[in-house]
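In what follows, structures are represented as structure tokens.
Both complexes shown next keep chain A, but they swap its partner, so chain B is in the first and chain C is in the second.
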Partner chain A sequence: MTATEVAVRTYKPHARPAWRRALLTRETAIVVILVLVVVVSLATVPNFDSPLTATYLLRDVAPILLIALPMTLIIVTEEIDLSVASIVGLASVVTGLLTQAGLPFPLAALAAVLVGTLAGAFNGFLVTVVGLPSLAVTIGTLALFRGIAVGLLGTTAITDFPESWTDLAKANIPGTPIPVVMILFAILAVVFAVLLHFTPYGRSLYAIGLNKDAAAFSGIDVARTKFQLFVLSGAVSGFAGVYFTLLYSNARGDNAMGMELQIIAAVLLGGVSIFGGRGALHGVIAGVLLIGTLGSALRLAGISSDIINVITGLLLIASVVSTSLLAWLQTRRFGALSRRRRPGDDRRPQPAPQ
Partner chain B sequence: MTTVTRPSAPGASSASRLMRHAATARETGILVALVLVIIAATLSNPNFLFSSDGFRDLLLTPSLLLLVAVGQAIVIITRNVDLSVGSIVGLTAYLTGTLFVDVSGIPIVVVFLAGVALGGLLGLVNGALVAFARVPALVITLGTMYVYRGINVAWTGSDRINASDMPGGFRGLGTDQVLGIPILTIIALVVLAGAAWYLRNLRSGRELYAIGSDPAAAHLCGLPMTRRIVAAFVVSGALSGLAGVLFAARYGTVSSGAGFGWELQAIGAAVIGGVAISGGVGTVRGAAIGAFLLLTINRALPILGIDDFWQRAVVGVLILGAIVLDRVLAVRQHRRLIAQREETR
Partner chain C sequence: MFGPNPKRRAGTAVALALGIALLATGCGNDSSDSGGGGGDGGDANLAITFLPKNLGNPYFDTSNAGGAEAIEEFGGSYEEVGPTEASPTSQVSFIQTAAQQGVGALVVSANDPEAICDALDEARSADVKVVTFDSDTNPECRDLFINQASAEGIAKVQVDLIAEQIGGSGQIAILSASANATNQNAWIEMMEAELEASHPDIELVEVVYGDDDDQTSFDKTAALLQTYPELKGIVSPTTVGIAAAARYLSTSEHKGTVALTGLGTPNQMREYVKDGTVTAFALWNPADLGYLAAFAAQALVTGEITGEEGDTFEAGRLGSYEVGADAAVLLGDPFVFNAENIDDFDF
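Moving on, here comes the complex of A and B:
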């Protein structure tokens, strides 16, 4: 076999037409699973087809959906932000305290978003300027931001918010069971999707995730880009904190505790690689909705939320293990030939013979 | 540059070298911080240290976290992380209580073995998934954290084990002392000494550092990476299992929330103690001092007149301070090595 033949053979999967390639991706699989889960739930779970179910489901996943957008971008650049849920808690406390102090609600909310943005900038500073690993930094700020939130308010809760605003957080788009907040999410999702998938900026994020040295040599300001992403993540988390506070009319230091793990689980389930450089927003949105829908349907079917946690965990493990299993099977099938990897191809260390 | 190349002064005893090593060691800083916290709290309220209860609590409370943090440190040294330790503590604590309720007259040794075995088994699942599927430990143990905790809550339900369900001899382990030192602390220190000796002196222990510093190089050197990484997770799980058994002995009451949030405390203890999250650096001794510092601060804050609500914030500052310090030291050493190279040219 000549060298050209080898090349042709190795590149064969990419010779498929675009629509067939799109059908074979991980993201499509998640979307298909989501649709299946929705259809099966509608057919079998009593009360799942009630519009109220959809409303509650969308309200509850809205903060996760919002924060998953910047989180996707961050993980694509091979970083992580574990402090998002603590920023939600902090923003919630700031909203509550300022409203209690008599500030008009819009100003209090604005201040909370600003605090979130500053918190994100602090993460970004430590990661990009000081040069620390984001996992360690955001484990630290996870404790720090949560500590400030809990320290400011103790175990008390502020529950008095202007009704016009709490009603807005709970309101639906007239004539539909869809909460108003979904309009905002839709706008943000489109902005993020265009940014990530259709602009040079988006390509540069993948480039950073694939190889940050190469990205830097090709003229991308890696540090500044990452800094911006952490700031963005903080701002969106701050906004999610305001929404969370209004939705439950409740500002507490321990609001949204543990949500960071739900968000990361959903993003990874949606096909974003923790190694960076791979993933798409529609997969992530489907991932968040999949976990939310499964939880909602199982709860309605009378299954306890503990089992739902087990299922979430198993889904996450299965989705990552299946990817490497498929990669391993492919190496097996193509034999020695495909082990000679193409440049820029999957950089994951393949299971090597030991 | 001088510190590295300086020949030891003639007649320098090993004692003075030991002194100099102790003064520059990474762990010394946080040990000093720990001592300062204890002194400050004792000055505000002498009962913090000098009442018999105070001294006992000072040793007892961090001992459980110490066990988990030692396991976590071993895993982090191999450039992995174990988020499922808190869930493992919860599961084994409940298993311990259940064994005493369901099997009357079960020997205490058997309960210990069962707890450690269950913990080790759960760790084996983590390790196998991480090592064979070549998936980052962060993702796998995030998944198993949910799964183990979910199994725990589903198994426990609203049930809880009470002190009266467990024999007095077992409960005594959690509170009794030998020569003024709680038995729990002695167990924790023995485990710590064993782990420290293993990591320092045995070939397989050193290989954990090699794997963590540079996985690719370790692989090329032919180190048995899969086996070592699986072993690190098994050790982490088994130590969390041991901590779960001792949790039941110490607190008497076990509900489904046992060990909740311990994963972040354990990672925090290790990071504060100088174990680099990027692998290959650190000692279990440091992680142990980190565990002591975390929980001692927690007890000291109310005595110093600060709401203990601020404890998390202090922990956050400590973690950030520790990693910034590591970074500064690394940069300084890098510069020194470059300067040294220029000199010898």
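Moving on, here comes the complex of A and C:
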């Protein structure tokens, strides 16, 4: 609880009213932009209002949404997991091989999640026990897990999965255009949100991200916490791998190649600081949906995918630039105070005492 | 911010929930008018979308230009969409988009025979006709496959070309892609049978594999010529292999004396045809392939054919075609490129 008090004290003396501060947050901005993009697309993009759009959109972003949850927690602690998409591929291959070997699908899926969990534990071990930087570790395991996945299955694919399961992966909640997998995501999102924003454990994550030495001195087991996060990330990625496999009826070693960048981009767009200690899950969810919606709307509008990539890239850069610009403006405004802050900390400076 | 104020958190959570609700309900309410969207409004929906393996690929630029030409002839509307990289699942979102737009037909070259199957099935249940070309999916996932050339035709044209170029007798070797490439191995088997049956004086001394890697293929060519000083010809049934072999031959003493043929693209092979390293090589004409695929799509959309074996349709300047087994249509014999015609092509 000591960490909590430290964190709370940092934010207490605000001169502006709560509603204005809420409006000014990065997360609110992303949510507002998301709503705007949805409204504008509904009004201007032909066929965007079809229920199919929502179904396809949510189905495609589901793996990204799922993995973005643990990724947010990891980045908040100033670490990163670049191996998530490779774990998706590995879990996909494991699901495929075991199903092919005649194992009942639920057991194959369970084994895939377990493999993902072990992969995450391996990351966690290297980061916390061996003490290597997570960027280096997960660049390594990105290649390692992908290599194992492609090595196990080669360039072929396993495509024969029980129809009841592939249908479930594509099924909608009856009467709505919302895929069933969103129920699971909603549950997970609530669990993660409560964990991150309403528990001492969540506060300890921010504390670690802001200053891990201070966090350690205040009694937080930094290593254990980080280890748990990598395990969690591996488990969720493993599950996402099973879902991905069912969605495309396709177990391949190169499944979800490059998805780690989409996930991290969406997390950063959602307002999580790459320097740790800052971010909120609703921003991240809005960030993932924003990139997904924008891509869907632009494709429907007949914009070519090169240009969509350019637009998404510019959006990300703009979001980073706007944050820096905001920080710079505040530095000018609260210069005297801000100069005392540590570099890389983009929290809003406190106004001078009146 | 993740500040300690629960009211603020609640506020933003409500905003997010509203956003999602808006997305969901907004989509749900307007379902009634989305049925025929994107169509022409005429009798037949001749909006046809081409989906290549990836964009910016000269081969597909050529084939899709053929498709656009055909669509202009019969008065439909042409669109090309596609991913920037040829990965199996990257085509799915474009298939979904076509289904959402309610296009009449989708002409697709599949990056994977299975990965896009479900998406194609969903598109077909939304009344989109699906034609595959260049690379097929499983037959049950599409209405028609436009096959560029039969395996028999590809094997035969390569044997005929090399036999002609070396005068019907002597040692030849094959430079293939990887040892487990299914289509290459099938062609090689047929080539061996054809050599045995029609050209008993030609001896196939070895099949080597360049793994579709330019440098490996280059090195394997050098090794072949050292191992077999009597070698009279090389067949390379892969566009990477034939270009690498031509590059080696063009700077070696064997230029013009050791024949080289196989499957290549005009842009890769142009300089070697012009400098005399290569006399003739084969491939299909991708512009014709796209042209035929577009006419096949039109015939499906207008109900002229259903994809039954024996159905026939007209394909503009290419004439009349018949649907074969497994709902496949064969473009014809492979096209032979030589010094006379190579400048007519750019891919």
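The working rule: the second predicted complex is superposed on the first by the 319 of 354 C-alpha atoms of A that agree within 3 Å, B and C clash if a C-alpha of one lies under 4 Å from a C-alpha of the other, contacts with A are read in each partner's own complex, and residues count from 1 in each chain.
To be clear about the criterion, contacts are C-beta pairs under 8 Å (C-beta built on N, C-alpha and C of every residue); 3 or more make two chains touch, one makes a residue touch a chain.
This structure is a prediction, so every number in the text was calculated from the model and none was measured.
*Asks:* Is A:314 contacted by the first partner chain B, the second partner chain C, both or neither?
*Replies:* Only chain B is touched by A:314; chain C is not.
*Asks:* Going by the contact rule set out at the top, does A:224 touch chain B (first), chain C (second), both, or neither?
*Replies:* So A:224 meets neither chain B nor chain C here.
*Asks:* I'd like to know which partner A:304 touches here: chain B for first, chain C for second, both or neither.
*Replies:* Touch partners of A:304: chain B and chain C.
*Asks:* Output check: A:142 vs chain B and chain C. Expected answer is one of first, second, both, neither. What do you get?
*Replies:* In the superposed model, A:142 contacts chain B only, not chain C.
*Asks:* Touch test for A:126: chain B only (first), chain C only (second), both, or neither?
*Replies:* First partner only.
*Asks:* Tell me which partner A:332 touches in the superposition: chain B (first), chain C (second), both or neither.
*Replies:* A:332 sits against neither chain B nor chain C.
*Asks:* Is A:151 contacted by the first partner chain B, the second partner chain C, both or neither?
*Replies:* It touches chain B, and chain C stays clear.
*Asks:* Tell me the contact category for A:249 with respect to chain B and chain C: first, second, both or neither.
*Replies:* second
*Asks:* I'd like to check the shared interface: which positions of chain A are touched by both chain B and chain C across the two complexes?
*Replies:* Dual-contact residues (chain A): 304, 306, 309, 348.
*Asks:* Quick one: which bits of chain C touch chain A in the complex? Just the residue numbers, please.
*Replies:* 1-5, 7-9, 11-13, 15-16, 18-20, 22-24, 26-31, 33-34, 37-38, 55-56, 79, 81-84, 87-89, 92-94, 96-97, 99-102, 112, 114-115, 117-118, 126
*Asks:* Provide the residue numbers of chain B that touch chain A in the complex, in ascending order.
*Replies:* Going by the criterion above, the answer is residues 81, 83, 129, 132-136, 138-140, 142-147, 149-154, 215-216, 219, 224-226, 264, 267-268, 271, 277-278, 307, 309-317, 319-320, 323-324, 327.
*Asks:* Can you name the residues of chain A that touch chain C in the complex?
*Replies:* The contact residues of chain A facing chain C are 7-8, 11, 18-19, 21-22, 25-28, 31-32, 34-35, 38-39, 42, 46-47, 49-54, 56, 60, 157, 159, 166, 170, 176-178, 196-197, 206, 248-250, 252, 254-257, 278-280, 282, 285-286, 289, 293, 295-296, 299-300, 302, 304-306, 309, 347-348.
*Asks:* Within the complex, which stretch of chain A touches chain B?
*Replies:* 80, 126, 130-133, 135-137, 139-148, 150-151, 154-155, 253, 261, 264-265, 268, 274-275, 304, 306-314, 316-317, 320-321, 323-325, 348-352, 354
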